[in-house]
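Presented sequentially are two complexes of chain A, the first with chain B as partner and the second with chain C.
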Partner chain A sequence: MSAFTEEQIERYSRHIILQEVGGKGQRKLLAASVLVIGAGGLGSPVGLYLAAAGVGTIGVVDCDAVELSNLQRQVLHATPDLGQRKCLSAQATMEAINPDVTVIPHDLRLTSANALEVISGYDVVVDGADNFPTRYLVNDACVLLGTPLVHAGILRFEGQVTTVAPGRGPCYRCLYPEPPPPGMVPSCQEAGILGATAGVVGALQATEALKLLLGIGEPLIGRLLIYDALDMVFRSIKVARDPHCLVCGEAPTITELIDYEQFCGVVVGKETVS
Partner chain B sequence: MSGNGGTVRLRLYGALRQVAGSREVELPCPGVTVKQVLRDFAEAHVPRAANLLFDRQGNIWSSLIVLVNEEPVAHEGPTPVKAGDVVSVLMPLAGG
Partner chain C sequence: MTTLRTPALTMDLRGTPCPLNWVKTKLRLEEMAPGAWLEVVVDDGNPARNVPRSAEGEGHRIVVITVTPEGVRVLIEKV
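Now for the complex of A and B:
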């Protein structure tokens, strides 16, 4: 491994001073790669903290453009970025925070056809998508590839976080074998989201990703963390692997990626996936 | 374990919270199963919650996690609910 520059020693001094990180850990981060799915409410704090932490390569998947209604919580983007591709706006912000970091923009929508190719090669995936088909797709792809996944979902004043370590604990399907029927669970667009809630939950995801890369602490494997901003309470519940899980169980039937729009009952072209 | 005048607390998340208009409701303890607690909540207290809790066959949606005192329980299991218990219903959140 190459030696730190003087600038790097100063930049990462508050990391290096941590016994659990140190120079060795910081080098691990600089050599690591993380794929962030979505440059939105969750992807913003994740991208900011991973870039600031010096994660060497960060992929950002998003196929949308920055809209005015995003700016209340999507802190990767600023008012002058309106109309820009989100993954490019994210790249500019993250690389401005830390020139040590290479951001790879993926201006695409993840599909069964491209997900394995996009995800493979990254050390950790962080899911900040905004729809169920993408969430099941990302889970299945990570299980098939054996890539650790930090999952989170948010709505209104609530968040849920869990870490999927394929082969070592439950996957997203073990928790939620099926998505809710379309229309039952509202989106943030329909039901709202307190911007800072996304910040808290995204910061938790960034923390989990950094722990996984550093190999420290106890990740949320086999646990679902529930954040309730109104009561200001965190609850952690134990969740077990489902031996009948279709993708990670004892006799999996999902051995390649399926049609996730169909699985989630989404009428393609009608359901908006923003 | 039978009804004894005590109550159970039902903690709600996501869309259920919105429909019920509160984060937690207190229900008379029927001294039966989680399914009965949810049925009672939907029928007697918040009819609009029925579609969020039960499918057309009357089973609890497989997309819900039901907890009794923070421990996940089987939807159809005979898990008894007794006075003082906290039942929680979690649903996945798509938002990001």
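Now for the complex of A and C:
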């Protein structure tokens, strides 16, 4: 077991002091890897907190460039980063926070063709995507690989978070067997999002990822946490595993990745990611 | 001075402020076997109050605290 440097002892002192973390837990984080899908409203707080926490390897998937309308909530990026690849802007910010961390930029859109290869090898996946094809794709890939997944979604003043631990609880498909009809659920681009709401929900995802890596506490397995920022209320709903789930049920029919654009009825090129 | 038995290890943490003195004590305790003794020497004042309290908070036993002109010697038995 490698010894901490003086700088690491000071940097991680508030973690090490925690009885549930200690030096042992901090070493786990430094040896761990997390894949963050999307460097946007959710991926930003996730990336910042995971980097600050000393998660040794963090992959960031995003194929967009930083736009002015992102900066109201996507706190990984700053005004001088406008036009830059988001995954590279994220890498620069995260590695500046903590030089112990290696950020792997994945400048690509996740598809059925590349998802298993990109995701495999990571200890935990955090989904900060804002479109249904990617959510189902990431869920199915994580179930097939047995990789824990922290899912979240946000809109306007609301957010929801749940943790998928394949084999130990329900998956995203158990919760939502089918996507909503195209256009029924608006995107943040259409409906808006209070920037700080993304911050709260992303911080919840980061907390879940850290708990999973440390093996402490009670993750949101089999529970959907719903946050309402206007009323400032958190509610938790129990979710059961669906024995008929197409990917994690007793007789799964999805044994390899499918065409998620088609499954979600999306017209390719018109879906939005934020 | 205690005459019970000699600690396996002594760490000089004089000049190391709170909470780093406890962080370093804790990291050393994690590497030790249960029942082993660690002696830390800390500054009088806050360190002499905080380090034993934190150690007890994690279930370790404070064997004896000895105040000397050179610093406060805290003898800890790992839980």
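Things to note:
Definition applied: the second predicted complex is superposed on the first by the 269 of 274 C-alpha atoms of A that agree within 3 Å, B and C clash if a C-alpha of one lies under 4 Å from a C-alpha of the other, contacts with A are read in each partner's own complex, and residues count from 1 in each chain.
Throughout what follows, a residue touches a chain if its C-beta (ideal position, glycine included) is under 8 Å from a C-beta of that chain, and two chains touch if they have at least 3 such contacts.
These numbers were taken from a predicted model, which means no experiment stands behind them.
With both complexes placed on chain A, chain A has more residues touched by B than by the other of chain B and chain C.
In the overlay built on the shared chain, the residue A:R235 is in contact with chain B alone; chain C does not reach it. Judged by the touch definition given at the top, the superposed model places A:P180 against chain B, while chain C stays out of reach.
When the two complexes are overlaid on their common chain A, residue A:Q84 makes contact with neither chain B nor chain C. Of the two partner chains placed by superposition, A:S33 touches none, neither chain B nor chain C. In the superposition on chain A, contact of A:Q72 is made with neither chain B nor chain C.
Legend: residue contacts after superposition of the two complexes on their common chain; A:Q19 is shown touching chain C, with no touch to chain B. With both structures placed on the common chain, the touch criterion links A:G153 to chain B but leaves chain C unconnected. Look at A:F4: by the touch rule set out above, it reaches chain C but stays clear of chain B. Those residues of chain B whose C-beta lies close enough to touch chain A in the complex are 13-15, 17-18, 23, 51-52, 61-65, 67, 70-72, 90-96. Touching chain C in their complex are the following residues of chain A: 4, 9-10, 13, 16-17, 19, 22-24. Against chain A, the residues of chain C that register as touching in their complex are 19-20, 22-24, 26-27, 30, 54, 57-58.
Contact residues of chain A toward chain B in the complex are 38, 40-43, 127-132, 135, 152-156, 158-160, 175-181, 184-188, 191, 193, 198, 224, 226, 228, 230-231, 235, 237-240.
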